[in-house]
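Here it is: the structure, laid out below.
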Amino acid sequence: MRKGVMRPGHIQIRVLDVEEALKHYRDLIGLIEVERDAQGRVYLKGWTEVDKFSVVLREADEPGMDFVGYKVLDNQTLEKLHGELIEHGCNVEEIPAGELNGCGRRIRFDSPTGHMFEIYAEKERTGKWGVENVNPEAWPRGLKGMKATRFDHCLLYGPNIKGTLDLFRDVLGFELAEQVLDPEGTRIAQFLTVGMKAHDVAFIEHPEPGKFHHASFILDTWEDVLRAADLISMEDVSLDIGPTRHGLTHGKTIYFFDPSGNRSEVFCDGDYHYPDHEPVTWQAEQLGKAIFYHDRVLNDRFLTVLT
Amino acid sequence: MRKGVMRPGHIQIRVLDVEEALKHYRDLIGLIEVERDAQGRVYLKGWTEVDKFSVVLREADEPGMDFVGYKVLDNQTLEKLHGELIEHGCNVEEIPAGELNGCGRRIRFDSPTGHMFEIYAEKERTGKWGVENVNPEAWPRGLKGMKATRFDHCLLYGPNIKGTLDLFRDVLGFELAEQVLDPEGTRIAQFLTVGMKAHDVAFIEHPEPGKFHHASFILDTWEDVLRAADLISMEDVSLDIGPTRHGLTHGKTIYFFDPSGNRSEVFCDGDYHYPDHEPVTWQAEQLGKAIFYHDRVLNDRFLTVLT
Amino acid sequence: MRKGVMRPGHIQIRVLDVEEALKHYRDLIGLIEVERDAQGRVYLKGWTEVDKFSVVLREADEPGMDFVGYKVLDNQTLEKLHGELIEHGCNVEEIPAGELNGCGRRIRFDSPTGHMFEIYAEKERTGKWGVENVNPEAWPRGLKGMKATRFDHCLLYGPNIKGTLDLFRDVLGFELAEQVLDPEGTRIAQFLTVGMKAHDVAFIEHPEPGKFHHASFILDTWEDVLRAADLISMEDVSLDIGPTRHGLTHGKTIYFFDPSGNRSEVFCDGDYHYPDHEPVTWQAEQLGKAIFYHDRVLNDRFLTVLT
Amino acid sequence: MRKGVMRPGHIQIRVLDVEEALKHYRDLIGLIEVERDAQGRVYLKGWTEVDKFSVVLREADEPGMDFVGYKVLDNQTLEKLHGELIEHGCNVEEIPAGELNGCGRRIRFDSPTGHMFEIYAEKERTGKWGVENVNPEAWPRGLKGMKATRFDHCLLYGPNIKGTLDLFRDVLGFELAEQVLDPEGTRIAQFLTVGMKAHDVAFIEHPEPGKFHHASFILDTWEDVLRAADLISMEDVSLDIGPTRHGLTHGKTIYFFDPSGNRSEVFCDGDYHYPDHEPVTWQAEQLGKAIFYHDRVLNDRFLTVLT
């Protein structure tokens, strides 16, 4: 948190049908539906999140990700980073407070990989869902489906991940936690963190800009990953792969698709990071094991199905 | 246990190289090496088994299964079943006590699927490995690898599983716990139990007789299945599939291959059976889900790679 | 199952207030409410049980256990055991079919410890709750609270457990799976099984006859034991002890009280039994560790609070 | 990490007998023994820690804690905080590089609660134990006992925790994550974090200064907490309480004593913290549930046995 960026705070995902999407994000993944806005967007959150929302579903003709937003410490930080983003050469746009219900002013910028990001300092604080802040119980009753606890990160595909690392590291204070290097030493995948988690955002080098690989949500335990897998089967949801473990980050994971074709991940555990940690490196020759630690081979789908 | 057959007691597996096989069955799966006999066969057991051994490795030019043996209550039961097996029309052979170290007289017989089975009443009782029978601790120190607790069952491929069900049910007192029926109502897979476990032996209809699909060993928990998967990857062992769950029996499982090409399974949990339970039926149209509950598709390997 | 007795099939528990009791057995433990009879008794079952019910709650002025019933293979077995119970010297009573809704004729008898038991051959088969018998999913949606899967056993206190072992072993075919012996070699606790479970009924020597220590229900995993503990705290239910492990049977367990003061247990895992297994022995000097493997001391409550 | 303090980096614990203590910290808890210095102190670490050591055992006549050290970003941060600590009024002492093997210059200071703390910027980086930094496996073979992954925090008792909060918050950049307030609103317990963990140090108000309640180490899962409990029993180690859950932080935990009487904790999971999170508050009237979430009563030992 060298530059005052705290965490991934929200992601806006395009879906072909909002009601179908709610069956996925709310009923299956278990996010809490918070409210809808005048545009028809639906706001959701994981139950452990203290802010009002972390996922926004927008109905559109094409699936994919509109933007992901990071919360910063305060407005002073926001102003300072605003200037630095412009100076860095990003296309920067100001989004007024209230454009997302309950969210303060956002500074939107693009990355060399062709994705849209935002930073913001203020969001309505509604507290954890279903538990009090005084004498809080261990967990709330009434959670649905996979009972995901919070939005964790997204994985994005696009060109020039090197330039994107410069942006996230130098301007926003992210650190390179894990990477995949090809035999020439070129970085083809990078996992960046701004806190102690193994990743707050990840990028894979890819010719087409602005592609969305998946949004990821945290579960409590490996047993929850099994139950997630069971639910995927019971609901006849399209499975990508899992239950399995990643080599990168060592998280325990499962991937599956929403009705619009966007990939979702739910996972638990994995490595931790401190600023003095050397990046963990996987060699591209071991990419299969890096991605799917048990199978040790990639399925084509994982590399090519993007939204 | 209607006819006095208690449980699967041992399996003799053919391996191309005994020392390589020990790295698999002893160091990886975690069976206890008990002793070797004059023929060079190696005896192993799961740590919770009270009898001397449950797995015998025999070096041979071809992998596969020599025979699987079931323990019966006593010699009177053995004699009675001996007669009934002959009357049923099996090819029956007596193996003298001591042919397997520490094992009493065995009655060997064949099945319509072309496999060799045995029953026996006596085996040297050495007790659980590493814990006492008085004030026993929860588990012993010094277990290796996957820490498999006991031999559970094997799955066999061959023709005429209907005739084999008649043999196991009518003569030996097994019950049909689970089955797969094709659209014409023909049984193409049958899971038989002689106790409360979901299966003590299983058969899949297959034109070639006497084929061996896998031997299976019990782990304690789903977390142990994860650790098993991790070890498979760390040791660069050939993975078949998993971690996953079965539809049939609902066990949590992983499959992999020994260095000779024999398939092994380790799994935990799953359904229980009592004599008044109706067989659970899966329709062949759902065979993918029946076998691999999460993926809902079969890999070819699972149906065709046999020893 | 030497004599055709299959398993514990039902227990009738006295409660001071049926509606309060339902909050415990249905909403907290997670048993399924099946129906009520003309007497106002409420019938419940664990979701994996194929028969109509396993727990009957009867409103009364005193808590405790009315009787526990064991299901036998068929009516022929029932008749044979009826005669043997009379011959053994039990006080035997016939209860006509239908006295419990959906249950066939019951043979009731008493034990030297002063408890009432029953055997029966027929009960309406309603199948597992919430899953089909064809292509069954792994588990049903809509389970409540601790999601107990089935009734497992009860622990009873009374005099002359030796005579009671004779009855259960010689007449009913139970086996002594585990025991506690005092320094003189007198058995002060006995765990009996009629299948592969570590216990289907247990007795502790106690001067007062007919006392009820607890009824026990199975959970799937140690993580479910944690969630059970969390729920006990969230609902402000009276906890006895746990989460912990037993030395005897090595089950992972937690004990708590229903609103009438009857003790309940939910647990998972533990040892298995076959007829050729020697009884496991704990020495009374190690009784603390035998009962509560981690604490290694008994709380007074466990020995003295009975209903 | 507002002021550049990253994490708890080491703790020096006084033990009556170093060899006996090693059976506890190395063989039971599973820390890695790194080396011994000329004074006879023994250095250990959790296997996931990248620096050389995190626990130092010093033989002494009295048990207790000598000091706990926090690692800061760099020497510039160290210098700046050095000045601020003096300005804040602490008794500050410089410890030259090498006084602890492999550790750079340390700035030692005292707190109003009467404990000694240190900050340092440099320690020999030896990497995670047993895994490489390139293509790292999920975990190393050869771990012992409870397989603790890292040193997490310590809980300290002493007077004036309010003044100590001022010191840790204002000078060192810690945040108040959780607290216990008495009915008058006086804080009697405070859990402070400098990252995303629920606590990096905790204090309980207590008249006697400089007392040590416990040092805590992280396990991976609730199943590991069970295995820890089993090992405590197998080794006949003195158990304090557990397995259980905390209300404060919601961690899953077990407490036990080293041979010198110092308390140890191993735990997993629990709440996370970000700088914009309000402190979680427990009311002193609920102190039992705050500390032991399941039992909801404190044992005297937990409040009074200190070293």
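Just so it is clear, A, B, C and D label the chains in written order, and each chain counts residues from 1 on its own.
In this section, a residue touches a chain if its C-beta (ideal position, glycine included) is under 8 Å from a C-beta of that chain, and two chains touch if they have at least 3 such contacts.
As the structure is a prediction and not an experimental result, all values here were calculated from the model.
Common partners of chain C and chain D, by the touch rule above, are A, B.
Least step count on the touch graph, chain B to chain C: 1.
Distance from the centre of chain D peaks at B, each centre being the average of the chain's Cα atoms. The interface with the greater count of contacting C-beta pairs, when A-B is set against B-D, is A-B.
Note: centroid distance chain B to chain D, computed from Cα atoms, is 48 Å. Look at where the CA atoms of chain A average out and do the same for chain D: the two points lie 31 Å apart.
Inter-chain spacing, taken between the CA centroids of chain A and chain B, is 44 Å. In chain B, 138, 221-223, 230, 233, 245, 289, 293 are the positions where the chain touches two or more neighbouring chains simultaneously.
On chain A, the positions that touch chain C within their shared complex are 137-139, 141, 221, 223, 230, 233-234.
Within the complex formed with chain B, the residues of chain A that make contact are 222-223, 226, 229-230, 232-233, 239, 242-245, 252, 289, 293-296. Across the interface of their complex, chain A is touched by residues 1, 6-7, 48, 50, 71, 73, 125, 127, 133-136, 138, 195-197, 220-222, 245, 247, 250, 269, 271-272, 274-278, 280-283, 286, 289-290, 293 of chain D.
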